[in-house]
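Order of writing sets the chain letters: A, B, C and D. Residues in each chain are counted from 1.
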Amino acid sequence: MSERALSSALVPLVIVIPLAWAVLCLLRPRHRPTLLLWPGLALWLIASGMLWQHTASGGLALHLLGAWTEPLGMSLRTDGLASTMCLVTSLVASACGAYRLLTPLGDEPSESQRWFWPLFFMLGAALNVIWLAGDLFNMYVGLELLGLSSVGLVAISGREQALSAALRYLLAALLGSLAYLLGVALLYAAYGTLALSTLAGTISADSITYVALALITMGLCLKTALFPLHGWLPPAHGVALTPVSAMLSALVVKASFVMLLRIWIGLGVGIITPAFAQSIGVLGAGAILWGGWQALHHADLKSLVAHSTVAQIGYLFVALPLLMSGAAPGLAWDGLMLQITSHAFAKSAMFLSSGTLIVAVSSGRVESLHGVTRHMPLALFAFGLAGVSLMGLPPSGGFSAKWLLLHSALAGGEWHWVVVLLGGGLLTAGYVFRVFRASFVADADHRFDKTPLGWDVIALLLAGASILLGLASTPVLSVMRIGAPLAGLVR
Amino acid sequence: MSRELWFALIGALLFALALGAFLSHTHLLRRLLAFNIMGSGSFLLLVGLSQDMRGPDPVPQALVLTGIVVAVASTALALILLRRWFAATGSTTLPEDSAE
Amino acid sequence: MRHMLTLVFDMLLGAGMLVAAFGALWSRDLFRAVVLFVVFGLLVAIAWIRLQAPDVALAEAAIGAGLTGALLLDAIGHLRRGAREAGASTANVPSADACE
Amino acid sequence: MTHTRRTMAALLSTGVAAALAVAIFDRRAPVTNLAVQVRTALPASGVEHPVTAVLLQFRSYDTLLEIAVLLVAAIIALALRDAHAPQGSQPNPALPTRTPVLSSVVRLLMPVMIVTAVYLLWAGAYQPGGAFQAGAVLAALGVVWRVSGRRLPHSLLTRWRHALLIAGFAMFLVMASAMLLFARPLLAWPPSGAKYVIVAIESVLTISIAAALLALFIDAPDTPSSGVAQPREHP
């Protein structure tokens, strides 16, 4: 087999491997098929790593599915964003999977034990489908696969609140994807194609395009839980099993955002007017402030972290106007890319360490964390490191992301974004320190349950990755720029 | 107005009508009915508008087939969750909505 | 003449779809709403034939109207039985809502 | 509150209707015409019916993922069934509505529906029909069977169900990735044997689609006779 052929087979592997493991886990629905799972996670990591390496050295690539060419057929597109997201997905998913494998099953309901893994791998496959998609309808199917497996993972934790959270999540997801689908229907009727690459060349600024774009944007904003459409997120992310919460917050909400980004950029700056982009940015600003404010006031630790996700999503949307109509779109792109990746690592670290703390003190409330400083230093340290990145303190990936966004805003003299970015940082500091303040209270009476050391190691690794992204942002960003249509964005 | 355009228009009206019902109702079963009608509306719009003045197009028809299967899977899943929620609490609305 | 007839048929079909959908979305009795939904599904299947999409018509009749309708009817029966067991006298949400 | 909600809903609904109306009437003929492209590529696809060609050749990737969606829904149904009956008891095999009339109707319907399903599957290669419609008819048969109050064969519900459910997706996935070994893209069927591959996939898919739809129907948790809803009677 030639070198060229091997590399072209690499691209679909990141989808085939998780799908295959979903089937394998179904064939032997044991509670914990360890011998099956470790090789699966390892293979997935290796394939993603090689794919990233391939993109880093070889650049943009297309894998023609069924050997048919677009727009009749479909293809997998590996640009820098797609390959990096595949890599981040495999890293975060493996960490969450390993966390799950180290979890003592105890008295957890049996359905969450038996059926976790097939859904877990389906979720991973769906994410990779979306990162690699270049076709509007394919994105829809990927989004549905992602939505249903997420809802399933939320529901199987079995408790009553999980059911209502899952239902609410499902209804929001269904409404969001229908709005998206209707937009896609209009675009197909107007342009006769579903391939973004074909669409980009023929798009024109008429009213059907605008209506389609508005529907797509609304649907995807609902799916990404952009303020004020975020109501479904905190219950679902708060009630799920800890590794599930981590995957949902770190990866799943990004999928619909990346779709929106691809569609906006694909349609080009001529279609997305500055006012449109600005109004989306304003909602992002609302998310940063509202999510941060809510996180300051929630008694429940996982709710606090979930609201922090609402706020951090806001940064992604604030980056959009800077990207589409700002003076320095290159800086905004870099900042956006770093925000997506560093938040993935930081938020998964934060959820996993929160889960560890909750198990240790046998309570989900922030006030129950008394004395944690002394007894659970590693988990708290991981939480703190993740917090540093979310706040945007140097030298973390979150810092570089926010710094780049700040510079992009300053370049165009858009001071209002600067205020929002700084205010968001302050709010984040507020809720992270809230957890620390509770943990410093000495409480001799408190009992602490033992937690696996592996849990702390995993959370620390993820938190470390989010810091490392700040120190080594240059190589990552140079890959993520591959295939980014930055030239088209500069006016 | 051609036949295709007429059915596309009906599809658009169905979508809007059902959207209103989806947002107004709190009863989960009614919201599911609305979801399904919204789906049918967007499918009609897709095929009707794509085939207007162009004749039959197998691509949107295939998309609709896929969409129908996805819709029935989602509906069935929602019904299963609803039944369990009802069995656990005796309620057919979400807690946030019934509080109103 | 023939053209006129098909025109009238399409008009009536579209209007019928809107009426059935409206009934499915807003009728007070939930059982009746679901029955109207199944009728709606069958009308949509006819619309698919008019749009020269026989594949979709088959799928819509079998899945959209048939299976989804059966699922919804089954769920209603379930909700009603549940509400009866819970007792109508307790005057809480389920009995009032499920049988509405 | 309900009033505000309804007003908002009505406003949004009207807005969407207006926007769609504007969009529908402002439209020009597109540059790309996929219908023509499908017609041109049809001879190379191995099937004669264009919709089947789109589903299992040009956009087979979508179909693969769609089967995955169906599988995920069925998995969740199974998972929540387990939660409801943790002892692994048989999932409510019969409804209490058994009537002689319905029973005889079912006996009559069964062969008709099976024949219809096989016909739909076979016809899909060159005229309307295919795995989805055939699978739906088979599933409908199961539904009618159950609604009539009959028991489904026990082994079908326990031992074989898993295999039937997974077979379609598993086979599709194996076929799709097999060509990767020969340095061909994912989902590239062998050029000479495309027709047979597609027929094989569709046949197995029919069974799995039926199994998945049936799982979604049968595994819906039933009313708890002594469930949580009862304590409310005696507060």
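We take it that a contact is a pair of C-beta atoms (placed from the backbone, for glycine too) under 8 Å apart; a residue touches a chain by one contact, two chains touch by 3 or more.
Remember, it's a predicted structure, so these values are computed and weren't measured experimentally.
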Fill in: Chain pair, B-D or C-D, that carries the greater number of C-beta contacts
B-D
Worksheet item: How many Å are there between the centre of subunit B and the centre of subunit D, using C-alpha atoms for each centre?
Response: 16
Worksheet entry | Between subunit D and subunit C, distance of the C-alpha-averaged centres to the nearest whole Å | 19
Discussion item. From the mean C-alpha coordinate of subunit B to that of subunit C, what's the distance rounded to whole Å?
Written reply: 11
Worksheet item: Could you state the distance in Å from the CA-based centre of subunit A to that of subunit D?
Response: 29
Response to the item:
Touching two or more other chains in subunit A are residues 137, 141, 144, 148, 151-152, 155, 182, 186, 189, 192
Worksheet item: Tell me, which residues of subunit C touch at least two other chains?
Response: 55, 59, 63, 67, 71, 75, 78, 82, 86, 92, 94
Item to complete: Please set out, as single numbers or ranges, the residues of subunit D touching at least two other chains.
Response: 20, 24, 27, 33-34, 38, 51, 58-59, 62, 66, 69, 72-73, 76, 80, 83, 132, 213, 216-217, 220, 222-224, 227, 229, 232
Item to complete: Give every touching pair of chains, nothing left out.
Response: A-B, A-D, B-C, B-D, C-D
Worksheet entry | Contacting residues of subunit D [partner subunit C, same complex] | 51, 95, 120, 128-130, 132-133, 136-137, 139-140, 143, 147, 213, 216-217, 220, 222-225, 227, 229-230, 232-233, 235
Worksheet item: Where on subunit C does subunit D make contact in their complex?
Response: 54-55, 57-59, 62-63, 66-67, 70-71, 74-75, 78, 81-82, 85-87, 90, 92, 94
Worksheet item: Residues of subunit B touching subunit A in their complex?
Response: 8, 15, 22, 28, 31, 35, 38-39, 42-43, 45-46, 49-50, 52, 59-60, 63, 66-67, 70, 73-74, 77-78, 81-82, 84-85, 88-89, 94-96
Item to complete: Write out the stretch or stretches of subunit B touching subunit D in their complex.
Response: 5, 8-9, 12-13, 15-17, 19-24, 26, 45, 49, 52-59, 61-63, 65-66, 68-70, 72-74, 76-77, 79-81, 83-84, 86-90, 100
Item to complete: Provide the residue numbers of subunit D that touch subunit B in the complex, in ascending order.
Response: 1-2, 5-6, 8-10, 12-14, 16-17, 20-21, 24, 27, 29, 33-35, 38, 50-51, 53-55, 58-59, 62-63, 66, 69-70, 72-73, 76-77, 80, 83-84, 132, 209, 212-213, 216-217, 219-224, 227-229, 232
